[in-house]
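Notes to accompany the following structure.
Per-chain residue numbering starts at 1, and chain names A, B, C and D are given in the order in which the chains are listed.
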Amino acid sequence: MSDQDVYAKQGFGNSSGFGRSVALVMVDFVNGFNDPNLFGGGNIGEAIAATQKLLAFARRQRLPIAHTRVVYAEDGSDAGVFRLKAPSLSVLTETAHASQIVPELTPEPGELIIRKTQPSAFFDTPLTHWLISKGVDTLLVTGCTTSGCVRATVVDSMSSNFRTIVVTDCVGDRAMAPHEANLFDMGQKYADLLTSEQVMAHLAKA
Amino acid sequence: MSDQDVYAKQGFGNSSGFGRSVALVMVDFVNGFNDPNLFGGGNIGEAIAATQKLLAFARRQRLPIAHTRVVYAEDGSDAGVFRLKAPSLSVLTETAHASQIVPELTPEPGELIIRKTQPSAFFDTPLTHWLISKGVDTLLVTGCTTSGCVRATVVDSMSSNFRTIVVTDCVGDRAMAPHEANLFDMGQKYADLLTSEQVMAHLAKA
Amino acid sequence: MSDQDVYAKQGFGNSSGFGRSVALVMVDFVNGFNDPNLFGGGNIGEAIAATQKLLAFARRQRLPIAHTRVVYAEDGSDAGVFRLKAPSLSVLTETAHASQIVPELTPEPGELIIRKTQPSAFFDTPLTHWLISKGVDTLLVTGCTTSGCVRATVVDSMSSNFRTIVVTDCVGDRAMAPHEANLFDMGQKYADLLTSEQVMAHLAKA
Amino acid sequence: MSDQDVYAKQGFGNSSGFGRSVALVMVDFVNGFNDPNLFGGGNIGEAIAATQKLLAFARRQRLPIAHTRVVYAEDGSDAGVFRLKAPSLSVLTETAHASQIVPELTPEPGELIIRKTQPSAFFDTPLTHWLISKGVDTLLVTGCTTSGCVRATVVDSMSSNFRTIVVTDCVGDRAMAPHEANLFDMGQKYADLLTSEQVMAHLAKA
C-alpha cells in the first residue's frame, strides 16, 4: 500500500475549502532567503515571481495582506535555541539588507509587517488577532521555506481554525526533497494545495 | 551539492544540546494511533516498546513526565478545521478506547495528562507553563506521528526556547517516507536527534 | 479633577460597540463560586439569576455559547503559582460538586465547556480559536468574579480584538468594592458596560 | 465582615514568595505615560524615581532586565479594539517622543526591549519565552499604570507560573483609587506586594 493509500484509508486528505473572507500572508520573502549564499536557493526565486502576480491580484481584490520578516536584536538580547541550531540567522537584524523584504514584493501602506524570531508567523506575533480584527476565516500562505517557516505557519493557521491554503507555486525551498515532503504532509493534514491560478480563478468568481 | 551539504553550508544542523533540567513528553501514544485500522501502522509499535524503557528510566530519575491525548467533545461543540481535513479523528472522545493511553505507558499519579485538539502538544494547552513550574529547560520528545503531532510539538518546543531532543527510536509514523523527511527537517533546524540509549547514557552520568 | 475626568481628558472611555457576530461566555458560574462558604457571596447569586434570562435569550437567538469551569487534577500534577496564592482552589476537581456549573445554567449539547486553571477563560484554552471557528467578532462576558476571572477574561478578549461587552447585571463578586473598581477599569479601557436588558434590546433589533 | 476578611476566610492572600532566579520587567515607562497631558499624572513620576534605584541594583546583581514600550504602526495597519476604546494611544509610534523610554531608565545593551500593542507585556510578545531562555522563575514587575498594563502583565505572569512580585513603590497610576484597588486585587490573588527596599534586602542576602 502506498503512503498516499494509507492516508486515504485512515481518513486524511480531505479539503477544508474556502470560507467567506480571505487574507494573504507572505512568509519571509526577504533578501537573505533569496540569496543562495545566505539562506536561499532552490525554487525560491520562482516562488517570488509567482507571488508578485498573486499580490497584485490581492491588492485589486482588497484582501488583507501581511508580510513577515525575521528580525533579531543587534545586541543579541533575544538570543534563543533557534540560533543554537542555526547561528547564521543572527545576521537578520532590523536594518540588514538580508532582512528587508525583496523589492518585487515591497509592502504598501496599510499592509501589516510582522517581525518574528521563530519559524511560525503566528508565534509571539499579533497575526492571529490581526486576522480576527479583519474578520478573516481563510488564509492563503505563500513564502519560504516550504519545509521551515511556511510549514510552521500552516500548522498554526490550521490549529487556529483558519481554513488554510498553501499556494503551491508561491512557496519555495532551498532544497527540493524537503519541499515535496512538506507539501505532502500539509496537503494530507493541514491545508488545501492550490496553484495561484486556481486561487485567483476562485476569488475572481466569488 | 546534496541537500545535507546545502544546509551545512548555510549554517544549519548545529546541536542545541542538553540544558540543566530535563522533562519527558510522550505525544499521543493512545490506542487509536497504535491501530493500523485507525491511525496507526508503520513503526509506531516499535516506538512504544522503546519508550517503555525510557519511561521507566525517567521515572527512576524523577524527571517531570507528561502524556498527551487527543480528545474531542462528544457533541461536536469543538469541531474545527482539523476535522475538515481528517473527519475520522472525531472518534477520539474522552471515554473512547481509541483515545486512551496505550497500556504499556499507563500514566502514574503525578504525571501530567494533557488533552489536546490540535497537532502540537503546546497549542491551547498548559504545557509551556507546566514546564516553567518545573524549572525545565530541555524537552525529550517521543510519540507519534513523527510527521504530525511530534513535528508540531518539536517546532513549538524549540520556538519556546526549550532545548529539544527528538528520541529517534521513540517516535513513529504510519508511513516511513514522512517519518524520515521530518527527522531530517527537525535535526537540521529545531532539535537534536538522539537514540534513547544515548539519552539515557547522558542523563545517567549527569 | 475627578478620576473620571482624568480618563476623559486623556481619551479613554470610548465605546467599542457591537460588531456583526456575537457570542456569549459565562465565566466560572459553578457551585463553589455561588457558595459563601467556598468562594462566593456578594452579588453572585443575583448575577446568576440575570444570566439565566440572558442565556435563554442567547439560545433563542442561536448565539455561540461557552461555559467555563475551573478544574484541577486530583493528583496535584498541575499545581502552580495560583494555588500558592489561593491553596483552597485545589478542591475544584473534575467530579467535585464545587466545580459543576450551577443548575440554573446547565449547558445544553453543542455549547462549549472550557476547563481552565487560570483566571482568564482564554489562558491555555481553545476559546480564541473556537470563536474564530464561529466567525465571532463580539463577546458578551458574564460570570464571576468581576475582579478576578471576569476581568482577566475581558482584558484578553479585548487584546484579541474581540469587541467586548461586560453585561453589568450578569457579573458578580464576593465583595462590592472590587466589583465596582473593576467595572470602572473595564469600562474606561477594555469593554463597553451594558445591562442585559440593553444587550437583548440591541440584539432583538439586529 | 470587611473585604479583607472575606478574602482571608476563603483562603486568598497567601504569599507565593521568591523562587531561585529573578528577572525585572519595567512596563511602559515611556515619556507619554510620564506626561499628565498625555497618559500620565498621579504617582508615576515617583515610581520612575524609585525604579531608577531598583534598576541600578538589578544591573549590579546581573538580573535579566526587560523594558516594554507601546508601539503602533504609523500607517494604522495594526489598528484594533484597544484604539476604539482609547484612540489617543495611536500617537505611540516607533519614533514618537511619547513612546521612547524615559531618560532615567534608558536601556543598556543586552537588556530586552519589547514592543507591544496590548496591555499585557506577555500578549503577542516573546516575554514568556525569553524568561524561559534565562531560566527565570520569579518576576519583579514595575511600571505603569498599576490599573492597566501592570495589572494585565501581573495576571499573565502568575498564570504563566512565574512567582510574581509587584514592587509597590515602583508602580504608578494616573489616578489613586484605581491604583489602590488594583494593588488589593493583585495582592490577594496574583502576586506578592513588596517595596523596592524589601526586594533589594532579600536579593542582597540571597
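Here, a contact is a pair of C-beta atoms (placed from the backbone, for glycine too) under 8 Å apart; a residue touches a chain by one contact, two chains touch by 3 or more.
Since this is a predicted model, take the numbers as computed values, not measurements.
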Labels of chains that are neighbours to chain A and to chain C: B, D
Centre distance in Å when chain A and chain B are each reduced to the mean of their C-alpha atoms: 24
Chain B and chain D, separation of their C-alpha mean positions in angstrom: 35
Residue list for chain B, restricted to those that touch at least two other chains: 80-81, 124, 129-130, 133, 159, 161-162
Category of the chain touch graph - line, ring, star, complete, other: complete
Touch list for chain C against partner chain D, complex: 3, 6-7, 10-17, 38-39, 41, 80-82, 84-89, 118-120, 123-124, 147-148, 151-152, 155-156, 158-159, 161-164, 174-178, 181-182, 184-185, 188-191
Residues of chain C defined as touching chain A within the complex: 20, 128-133, 135, 137, 159-162
Chain C-facing residues of chain B, complex: 73, 75-81, 109-113, 117, 124-126, 129-130, 133
